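The structure that follows is given in the form of structure tokens.
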Amino acid sequence: MTKVLVINGPNLNLLGEREPEVYGKVTLESINSEMTKLSKELDISLEFFQSNHEGEIVDKIGEARKSCKAIIINPAAYTHTSVAIRDAITACSLPVVEVHLSNIYSREEFRHKSLTAPACKGQISGFGLESYLLALRAVKKIV
Amino acid sequence: MTKVLVINGPNLNLLGEREPEVYGKVTLESINSEMTKLSKELDISLEFFQSNHEGEIVDKIGEARKSCKAIIINPAAYTHTSVAIRDAITACSLPVVEVHLSNIYSREEFRHKSLTAPACKGQISGFGLESYLLALRAVKKIV
Amino acid sequence: MTKVLVINGPNLNLLGEREPEVYGKVTLESINSEMTKLSKELDISLEFFQSNHEGEIVDKIGEARKSCKAIIINPAAYTHTSVAIRDAITACSLPVVEVHLSNIYSREEFRHKSLTAPACKGQISGFGLESYLLALRAVKKIV
Amino acid sequence: MTKVLVINGPNLNLLGEREPEVYGKVTLESINSEMTKLSKELDISLEFFQSNHEGEIVDKIGEARKSCKAIIINPAAYTHTSVAIRDAITACSLPVVEVHLSNIYSREEFRHKSLTAPACKGQISGFGLESYLLALRAVKKIV
Amino acid sequence: MTKVLVINGPNLNLLGEREPEVYGKVTLESINSEMTKLSKELDISLEFFQSNHEGEIVDKIGEARKSCKAIIINPAAYTHTSVAIRDAITACSLPVVEVHLSNIYSREEFRHKSLTAPACKGQISGFGLESYLLALRAVKKIV
Amino acid sequence: MTKVLVINGPNLNLLGEREPEVYGKVTLESINSEMTKLSKELDISLEFFQSNHEGEIVDKIGEARKSCKAIIINPAAYTHTSVAIRDAITACSLPVVEVHLSNIYSREEFRHKSLTAPACKGQISGFGLESYLLALRAVKKIV
Amino acid sequence: MTKVLVINGPNLNLLGEREPEVYGKVTLESINSEMTKLSKELDISLEFFQSNHEGEIVDKIGEARKSCKAIIINPAAYTHTSVAIRDAITACSLPVVEVHLSNIYSREEFRHKSLTAPACKGQISGFGLESYLLALRAVKKIV
Amino acid sequence: MTKVLVINGPNLNLLGEREPEVYGKVTLESINSEMTKLSKELDISLEFFQSNHEGEIVDKIGEARKSCKAIIINPAAYTHTSVAIRDAITACSLPVVEVHLSNIYSREEFRHKSLTAPACKGQISGFGLESYLLALRAVKKIV
Amino acid sequence: MTKVLVINGPNLNLLGEREPEVYGKVTLESINSEMTKLSKELDISLEFFQSNHEGEIVDKIGEARKSCKAIIINPAAYTHTSVAIRDAITACSLPVVEVHLSNIYSREEFRHKSLTAPACKGQISGFGLESYLLALRAVKKIV
Amino acid sequence: MTKVLVINGPNLNLLGEREPEVYGKVTLESINSEMTKLSKELDISLEFFQSNHEGEIVDKIGEARKSCKAIIINPAAYTHTSVAIRDAITACSLPVVEVHLSNIYSREEFRHKSLTAPACKGQISGFGLESYLLALRAVKKIV
Amino acid sequence: MTKVLVINGPNLNLLGEREPEVYGKVTLESINSEMTKLSKELDISLEFFQSNHEGEIVDKIGEARKSCKAIIINPAAYTHTSVAIRDAITACSLPVVEVHLSNIYSREEFRHKSLTAPACKGQISGFGLESYLLALRAVKKIV
Amino acid sequence: MTKVLVINGPNLNLLGEREPEVYGKVTLESINSEMTKLSKELDISLEFFQSNHEGEIVDKIGEARKSCKAIIINPAAYTHTSVAIRDAITACSLPVVEVHLSNIYSREEFRHKSLTAPACKGQISGFGLESYLLALRAVKKIV
């Protein structure tokens, strides 16, 4: 079975409580459980990882290059500031799909620029929980 | 049955011939036929429209606000230059999903900025033909 | 009798329906009929033209240089992107008045820059339907 | 009778003498007298105020919020540099119409940016003396 | 007793009436009276000065260098445009504390840049009336 | 015989009348007839196309990839704004020569940047009618 | 009793040793003990936290949203680079006061921009140890 | 006898006391008296004017266009921010010489840009008191 | 017979050896000999000059204003950095044609800006050796 | 014996596997062992530290100020984003040498700017493993 | 007797012939002879040097540090491009006065920035031949 | 024996005298003699070349491509302005090492950008005389 790592970046542990007018009321747990449901259908096994630490995300991506076939990542705030995560994505040589809950292009100017997207296979943004499920389907096709 | 308009912008009629190292070998016809297959599964009816004319795309979006429930658009070159299409998207009040075959964030600098994305519900880029199919699934959820 | 061409750019055909919080509830028809009323008072004959196509607007301005004495234009989205319309205005050698329904200077940053205004006689923005009537009076004085 | 304050900013006291190739030969006195004529027709009473002092213009706008129904202002050079006048316009809560004799968009780059326009109801520029008369008509409609 | 000059810049005379959603409902009088109360506790004597004129503020700062031990200033709009007040602050050699009622960093882009702050001892912004009282305590420590 | 497509962009139909101090008094007809004369000498057959419509120019370039061996294009205003024409040039895989009547580098700042030139084989600007004849000779050598 | 979290960012553990000409000779311990003294007077209980890790600061802010009533933070270097801390501040919904020992507006250009300030209630900078004590008083008023 | 107006802008009344490491120890009085001495030699009569008020300087320049033959101006801080003084210089049609005590090009970045210099005949900066005397000699030659 | 000066800038002496993937394998000698052949046909006499020294090129242009009727110049690297050569071109009052072997608009960003082009009659770039021959024909027409 | 700390930043643990076309095939272990060999020759003792965590690198630099005489650091991705590491370098008061395996100036634009270099003694980039050995020799001279 | 070196940069050998509408009709010889006259009056001996070569100007400045007491330089085009001359000015430790015939601030944008001025004692621009004479008087005072 | 060319750019002939607080007291002669010593150890023969002329440096690099195996260059001021030297480095196809005495990244903003570095193998800056010796060792490894 294909193994896929799902990484959620800073503050996404607070989903459901945090700015519901921007991010909706869905929690990270419910995203994970919806992904798990779909993953069975697609014959994929998932590993979930959430961290507020840029370094831990870099560590995790580095380790995944051996054990996984693809990565789905919502780098959250680090999307706009982390060259380290970008380099980790390039270094791991896996196909990586970047997802965002909200449409980052209709928010503040500084959120329009993604440092990580150029290193990814593709990007899906603006569909809430559905962004993750679409990413899973994308991964299924790529791998 | 939900009706969805699929718009393809300038030069996409040449798909398959045009810069295959960037856009792949898939033709617009095969994209349309794959979309048609999936649309049946999702109980959606599709209308296809391709034009190299900014004005025709604006016309079409304006007309669709009465007859359709959603739009999937690959504005191609107009992504980066057309305020008119952006305004048409906002004016039509329909959910619009922007798609791109290639990952626009790993190409020339001027392709990183999408004028149309802020007016859309969301954006999917980088998955080739699959970008359109994911958009169709996204539309199914939104409508 | 002085003949004046009135050009309305992209998406203005949707006036009344489109983003009423920005553009108000007045329709293009009612603008035209109010202008017609005032034009009689001022002894001016009007020709109305609306198009979503940059090229058609360029064509129209080129033709008007023979048949008209002045032009009133709301280039809408093309205000911010069209060097072709700007060049057409310069090329036709007629006095041209640029109008906007909304105050473009209190909207998004990219709407603050008018590419067409430098080629016009003057600009009137922010007074809704009244912007057109003021433009008609301005034209009366200039011609 | 509706009272309207007409403010003219720095160096406009020199009109008629100053750079006639840019501003024409009309004097501030003749502008005022043409406005007075039209104001009677429109049942408006006018108060005229000219100052080269940013602070006096701010003072005047602040006082007008009690005694007037609208303001017509040509901020001249302060258009491009005064946040204080912009804030005064916002603070007074009256409809304010910005006017310019010349088309500021066909002059030096630094004159293209108006700091005050975003706080105004609308802007009229490029019609010489006629700019003021159009503003008066605009005010009549707004109030 | 230590004498401290309190300067309020343009439009602050309208406090309480002006944009209450931004500046709150407190008036300049009530700020002054709260400051007076606290100043007695801290053994400081206060002189209050409000002006909409950049030049008068420069004059005042120049005079204060002889008679006062410190200055508390809310330069309001001049924060963002006045090199003259910045130079006056440097020239007077007194410790100066810049205060703002609102958090200028969460407002329009052009309000994020303070020309005067680099010449001051420090800056306090965002606490409404309390900003002034904190400034008074800061001054007490510095002098 | 080698077939070459000659495309003239917006407002070039007005040549001879339009701003003669910039573009000279030569008409498009006389350019075409001079080109025809030279083309016979060089054993080239020419097809002439003028349009004010960006979309029509894109259409035309797309069609030419089958029927022609090279393109000579004066994109006029679209030089500075059209990614669609740039993409069409790249997509058609033909050698394309960009020409300008005037020296675009000695005109307004926004005319210094050509979006289309990077996709072309080369560029010739500033020699009036002669620019087209030189382009024809260049094409002769390339094909 | 109101509980307030006090966060100190990277390198502030070295206070007293580190660049004393910029930051003074006061140590973090003495700041904490001065704050403790004042907190008793104001009936506030304090929790102190120092970390050089962006992720730990994000973690801490996330946890504090349950246990504390307000946060005082000196993000130090992360002021200028951390979108993650900014998002954490917004996500926690507590009033947050940003403090700086030095006047960041009179230092290097890149220190003038605070990414975190727009998400805070207010900012106090330039008063050394006193900045923290003023922040504590500000918090007392807000809560 | 030729009459020349000498204008000194904001904070120059404090010369001798103000930042002597930048401006030297010379006072405005001594500059004026040195200028008076030289003016006699050159058969010029001088009028001295110092103001911290942008508006007063604009007033003064406007009045001088009748009574004087030339102006020597040190606009100080207004050099970098005043379009109003620039416009007054252009409007008065007199030859104007801009002077600076310090070399403005070796100070802070924002002091490198003079808004007023383009409207002047020439500029002399960096020679302390001597800048004024050289300006007087320059004026003698021009008039 | 018309005399024309042909100037080649820095590193062009290495043509044929230097980066053949950019500049081709043609040598400067073969360019000169091809030009000589064509010049005879066109009844032009040529003088060739190559230098790596900006100053020598300036000297040469200055001298040519007496002895030549036109100049063909490939300023190479100095295209992008030399105001001195630009000024020399303007000063000599001869028609000057700028040529480039490669298409400078499809190379590094800093090569897109030509400082010298605005001072020239026109520019030809991208045709290798042929660029020079086209320039010679252009010169023939101009003189 | 002089003790020197060698810090390697994010993703350098993957050296040898990661993008060998950019970074070569050498591993971090082989770099360390080559450094150890040379260090003995130079009578230096080395401590090696690799981390993907910005905060850990800041911690380590802070601790080293007591135990080491110098630092050699390859901040990798943090070179371009970390003010915290820059401040740590300044705070520790040790001579620090920045090294890079690749020539960062011939890579993507955003890698040309080093935030950390201004705080270092010097920088060595582009020599692969040899960069570290040169740094060690540099350190030997400095200490 | 004080020895002063007078350096004139590129194209100034053509003065009198070159763009007389910008630079006037005076020749370099007449400037030199007027300077010689004044220098005798001021008891200064002059050495004149003109070169179109940046390197020769750098050489000359380097040599002058031993033999001269001051330098008057018109770097002409090199004003805007030469860091080498700037560094030479700083390196020679002599007082240097920069002069310009025309007012560089009322010409093209790229001429507003002087790279050399920050390294000079002061700058005089806009007075034609008189600029040099004023510079000579300035030098007299400084030395 | 491997021959290496050592090039020193403008003003480096003044080393030891010039701004010793930036460049130290070492002379170019002593750098050369230290290099000579080390070169013997490394079995390299050196040729030294210093010039203030950009063109001579370009000439020299062009000649070296035949006679030398590598180049060590300190382009000094030309680092920041010379495309010609950059092109010469690329054209010569030799490995080139750029050196700087001072840390150019801790000096003025305009010195942070090296135009020549992207064309070099690597760069060493900030170690004074030692920079050259390290470069020699680097060259030894590369060749």
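Quick notes on this structure:
Order of writing sets the chain letters: A, B, C, D, E, F, G, H, I, J, K and L. Residues in each chain are counted from 1.
Basically, a contact is a pair of C-beta atoms (placed from the backbone, for glycine too) under 8 Å apart; a residue touches a chain by one contact, two chains touch by 3 or more.
From a predicted model like this one, the values you see are computed outputs, not experimental measurements.
The set of chains in contact with chain B as well as chain C comprises F.
Between chain E and chain G, the least number of touching-chain steps is 1. At the interface between chain K and chain L, two copies of one sequence, fewer than half of the residue numbers in use are shared by both copies.
Chain D and chain J have Cα centroids lying 62 Å from one another. Centroids of chain A and chain G (each the mean of its C-alpha atoms) stand 31 Å apart. Centre-to-centre spacing of chain E and chain L amounts to 54 Å, using the average Cα coordinate of each chain. Looking at chain I, one finds that residues 53-56, 81 touch two or more other chains. By the definition of touch given earlier, these chain pairs are in contact: A-B, A-G, A-J, B-C, B-F, C-D, C-F, D-E, D-H, E-G, E-H, F-I, G-J, H-K, I-K, I-L, J-L, K-L.
By the touch rule above, chain I contacts chain F in their complex via residues 103, 105-106, 112-114, 117-127, 130-131, 133-134, 137-138, 141-142.
Residues of chain E touching chain D in their complex: 9-11, 13-14, 17-19, 51-56, 76-78, 80-81, 110.
On the side of chain D, the complex with chain E involves touching residues 53-56, 58-59, 62, 65, 81-84, 86-88, 90-91, 115.
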